[in-house]
Amino acid sequence: MDASLISQGLDLLLYGMGTVFTFLTLLVGLTALMSRSVMYFSKEEPIEAEMSSHKIHSTLVEKRIVKVIQAAIDQHRGS
Amino acid sequence: MDASLISQGLDLLLYGMGTVFTFLTLLVGLTALMSRSVMYFSKEEPIEAEMSSHKIHSTLVEKRIVKVIQAAIDQHRGS
Amino acid sequence: MDASLISQGLDLLLYGMGTVFTFLTLLVGLTALMSRSVMYFSKEEPIEAEMSSHKIHSTLVEKRIVKVIQAAIDQHRGS
Amino acid sequence: MENLISLWASSGLAQIALGQAVMMLVGFVLLYLAISRGFEPLLLVPIGFGTVLANIPGAGFDAAPVYDALGHLESPGGLLYYIYHAGIETGLFPLIIFMGVGAMTDFGPLLANPKTLLLGAAAQVGIFTTVLGAVAMSHFGILDFSIRDAASIGIIGGADGPTAIFVTSKLSPDLLGAIAVAAYSYMALVPIIQPPIMKALTTDAERQIAMVQLRPVSKAERIVFPLTLLVLVAMLLPDAAPLLGMFCFGNLMRECGVVNRLSDTTQNALINVVTIFLGLGVGSKMSAEKFLNPETMGILALGAVAFCIGTASGVLMAKLMNLLSKDKVNPLIGAAGVSAVPMAARVANKVGLEANPHNFLLMHAMGPNVAGVIGSAVAAGVMINLVSGM
Amino acid sequence: MENLISLWASSGLAQIALGQAVMMLVGFVLLYLAISRGFEPLLLVPIGFGTVLANIPGAGFDAAPVYDALGHLESPGGLLYYIYHAGIETGLFPLIIFMGVGAMTDFGPLLANPKTLLLGAAAQVGIFTTVLGAVAMSHFGILDFSIRDAASIGIIGGADGPTAIFVTSKLSPDLLGAIAVAAYSYMALVPIIQPPIMKALTTDAERQIAMVQLRPVSKAERIVFPLTLLVLVAMLLPDAAPLLGMFCFGNLMRECGVVNRLSDTTQNALINVVTIFLGLGVGSKMSAEKFLNPETMGILALGAVAFCIGTASGVLMAKLMNLLSKDKVNPLIGAAGVSAVPMAARVANKVGLEANPHNFLLMHAMGPNVAGVIGSAVAAGVMINLVSGM
Amino acid sequence: MENLISLWASSGLAQIALGQAVMMLVGFVLLYLAISRGFEPLLLVPIGFGTVLANIPGAGFDAAPVYDALGHLESPGGLLYYIYHAGIETGLFPLIIFMGVGAMTDFGPLLANPKTLLLGAAAQVGIFTTVLGAVAMSHFGILDFSIRDAASIGIIGGADGPTAIFVTSKLSPDLLGAIAVAAYSYMALVPIIQPPIMKALTTDAERQIAMVQLRPVSKAERIVFPLTLLVLVAMLLPDAAPLLGMFCFGNLMRECGVVNRLSDTTQNALINVVTIFLGLGVGSKMSAEKFLNPETMGILALGAVAFCIGTASGVLMAKLMNLLSKDKVNPLIGAAGVSAVPMAARVANKVGLEANPHNFLLMHAMGPNVAGVIGSAVAAGVMINLVSGM
């Protein structure tokens, strides 16, 4: 029973790492393939920046800020 | 049984549309009545703008922004 | 049975208020003790202001605002 | 070696049935439509992903929990199982979404012109004629729909996702996947489905009708309206009270001005969380045996018909109103009565601008548009009431 | 024709009982008080609306789900049924609210002047004398309250909504509607109930007492305090540990400075969502048979008495402390010991300013104010402990 | 008098067992580590507090609800009971957290350099050698671990909290407290555990290797990647599909750009709420009989070993890759393969800067870092699959 415990552990090590490596190696290949296909099909330019709505939000905020500032500066200039 | 299915469908159409029209026609009347009573009882001026807290929030933000700008401009003027 | 209801009420009043006062009196003592120990162990300066993330957030926002303003003023000065 | 066989035996490749593969493909198509074509992405991204997850062989997303004789949990259920049974089977998720939609709805344009409620009523004709179409198909042996199925299919014509899900989960849960997908897909297709019908049924002169500017609406009216609607529902059609009650509650929170923090959370965190889980839960009903059958094709076809009839009825009702009243309405706004908020109102506006570039119908179309939400919730209530008694 | 009869028979008008109509009216009155009079709207809007929904005849908001013999769901329960049983019967919602309240509470003023804790203790006299009043009413045959009922009624005097709901749902769930409504209504009435009592029990000179500015409190003290309180509760009164434990947890998240994102969500999305559902769930207990009876009038009367006695005890305790100590406290801040955060502290400040326009008591009153929250949670714990053993 | 005895008898002081006192102390130590030492506070604050709450004698935080013969609730369960059974035993909370983590994960660096996935694979060696260590301890009679226990302990080496909780709650729920605490503690200790190993296994020249700047990654790639990963998981290892499926779902919501409001809520309100309750629920498993035994010491020791081996394997794998390929990678980024996002990547960056102050490795290390998340989820899947069949 105890020997079987050790052998179970060895099995886990063997099949576990085997699966992990197989899986991630396949994923490396698939990802490379995917990237190439995507680039082939879409001529879209790459985007490095964050795509999250955070950006959109802060852009909006900034636009408003800039507008407010413009108004303030105009007033300041006028005065 | 199948004929009854058709007749059930017809019943649904008849009573269903009847209810929908009755209900919404009553709602038209009630809404008009409600609006008139509300206007009669409250002499409050009508408000077209958004009432959501969004507005309140952005007003607060804008007040803060304006204050910051004022400070910045004052400093700028002073320097 | 009814008399027992009254006596249960009296018991609640007696033991209840007793517990509340005992508990909060102990808490007064423990709090004072705690404050003294904390002050003894930490030489940290006391902080009166809000510690909430609100502050942090608004500081960040303000920093951004100030930067934007600086840029605006620079541009304004340059023009 | 035994372990290798066990790993292989439990792999997806070894277990996958053709139906599952096709359904995963259906899921990816939904994701494609949502992401690349912009089809109601807030719902179709979760539904599409849920479809893929539910059809992964051996992943158990849809598995029921197993308890031993003493009631202890032996193996937990899958995520989608819990979502479906806690949120959709009980009706909780559609009701919470309706509360959120209420909190996002501005009844101002409707209050300024209440007779546009009738346009929202007319557009529900699509619902009931489609029911008739479904039972006719069954009668002629083309497809096999019960009266409960037919009622659920009809509600697609309401162009209101949560209403469709609420009714279907009560009347024919097995059709939930197909009906939800049809409802949201057609809502997304409103800009394609509606304009030809609108143009075919109106003259150029009608499309150019300019409407008078809407009167301002007071805060008090906005507060009293959801309560008025609630009382009317309570007195006349309690079966519509769950949907419309929560809708009115959300709207009251929005308008009353004293619980803004509750209203904000309802419109944001709460409705977003429930939308994600509602979509995933609907996806869990997208199994091959429930989706890949001729009935689904029938549902899709009938749903499209429902939309078309609803659109036409709204337009024709507007023309009828013009015959009977001096205040002319532009019949294009009748098409917005199907709901599909705010897409249908935008379509009315766009078609109107094509006829007269200075005639902005958007705000006028918002009235029938939100009336359509009320109309289809009323239709849902009467359907649940009558069908339950049949 | 049959269908028309069925529709009519299931309509609200055909089914409504007088009690339901009256309760719907009660719901609208609560909404009116919340929206137009500003009575604790965050709770009374959902409670009022929940009251209306729960009393719509035939809408089934409060219906239990029906299962067939095999355990499959035949018909789902109503929204309010699920909310009540999942969130209120289990005590989860009041506890989560307490966590949120903890995350919103600033113990700074209390830490700067810990002896104000005694004012928070004194104000709980209102709770226990009201218990005595309730059992006396029962003894003299005026109304019929058990000791469990009496304990729940007394806790109204704690001026703390979630505590009252937590205790009542454990001790006498049938009174939940009346007690929650009384608790929140009186909390809203603090600015009307308290000032006359405060003025009657203090001289003008006392009301003018200026208090020394509070010392600054270090971050470390703020972090250690909730843990100190937790240990004391754990050692002395575990029955108060659910409420105070969650309260301390929320406060620790607020003050520790390393989990701000958790603290923010607790203070916003989480507490808002739970507030909505707590209110609706309380509304579901507002049925005619449970609310429209003489006991409710007794509860309202006793609740008002509890508030008055609590206010008076706080003020008198402050005067007693002045007799025994050199550091004088302004007795007005004793009234803030009933909790009703932050309303009672503002009232103390306002009455103080009337006596001396340069004497700002707000921060000084925040100490007893938050002490009152602790005090009533302790009272709740001892009540649950003693009553369970009776 | 009787009442006084009852109060005393039910007080914590009268009831406390030594084990509970020690466990409360353990809870305070966790709070100290989280707050003062910055050990993964988002999880360890709730876990520590939950530990204290669960061990308050007589407070019943962990009590099961009691129903009478008719199924009515006689006494409700404790807060932690409900949290544990609804959210952790079912696996829901870890899965929702994984969805949130997915929505926060930027796969850009990984997509720019996909072979760093192999570093994420190599670091999982720590998991499986630790399993072997645990069964060896059992074999030699030092401690008593079943194969299920050993698998759960190994997963600590995955440096991924929700994965560890998900696996342990499925395989050996009794070890949940110890394993979760070990996992999060070691994740916090990454800056102390890893650098010596990294330096011992690399030459100064290797640490100075500069890597070419990462290519920009298109939006389309970012959208297709989670779907690619999902298909691979579905086909090869459905047991990993719950974790990786939800992870991919979150990431798709983030990247697809059309459901930003869902993605925002997932990254904020939703994950925060679930994190709080997950932590409290884990704390509920921190009872003396389950934590205060030699096995816990074994778990802590084995967990540390797992971390060290994982770090070493990652570094060695990077060196092996350099032998076989022209594009040299800095072996320091191999250490980031254990996950512990983003701490391990920062450590790699810091150690790299010590060797060459102009060589910024942070973005390069993010690739293996997120690969480590995938790697340990795959390891979790294969573990659940194999162990269930043993």
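So that you can tell them apart, the chains are marked A, B, C, D, E and F in the order they are listed, and the count of residues begins at 1 in each.
Keep this in mind: a residue touches a chain if its C-beta (ideal position, glycine included) is under 8 Å from a C-beta of that chain, and two chains touch if they have at least 3 such contacts.
Note that the structure is predicted; figures quoted are calculated from it, not measured.
Summarising the inter-chain layout, the chain whose CA centre lies farthest from the centre of chain B is F.
When the contact pairs of A-F are set against those of B-D, B-E or A-D, over half line up by residue number only for B-D. At the interface between chain D and chain F, two copies of one sequence, fewer than half of the residue numbers in use are shared by both copies. Chain E and chain F have centres, each the mean of its CA atoms, that are 39 Å apart.
Computed from the mean C-alpha positions, the centre of chain B lies at a distance of 46 Å from the centre of chain F. Chain C and chain F have Cα centroids separated by 32 Å.
Contacts with at least two other chains are made by residues 3, 7, 236-237, 257, 261, 264, 268-269, 382, 386 of chain F. Of all residues in chain C, those touching 2 or more other chains are 11, 15, 19, 65, 69, 73, listed in ascending order. Interface of chain E with chain C (complex): residues 106, 108, 110-111, 114-115, 117-118, 120-121, 124-125, 127-129, 131-132, 134-136, 138-139, 146-147, 150-151, 154, 215-222, 224-225, 228-229, 232, 236-237, 254-255, 257, 260-261, 263-264, 371, 374-375, 378-379, 382-383, 386-387, 390.
Interface residues of chain A facing chain F in the complex, by the touch rule stated above, are 2-3, 5-6, 8-13, 15-17, 19-28, 30-32, 34-35, 38-39, 41-42, 44-48, 50-54, 56. Residues 3-4, 7 of chain E are the ones touching chain B in the complex.
Note for the complex: chain F touches chain E at residues 3, 6-7, 10-13, 15-16, 24, 28, 31, 34-35, 38, 41-42, 45-46, 49, 52-53, 56-61, 65, 73, 76-79, 82, 268-269, 272-273, 275-276, 280. Residues of chain D that touch chain E in their complex: 85, 89-92, 95, 170, 223, 227, 230-231, 233-239, 241-242, 245-246, 249, 252-253, 256-259, 261-262, 264-266, 268-270, 382, 385-386, 389.
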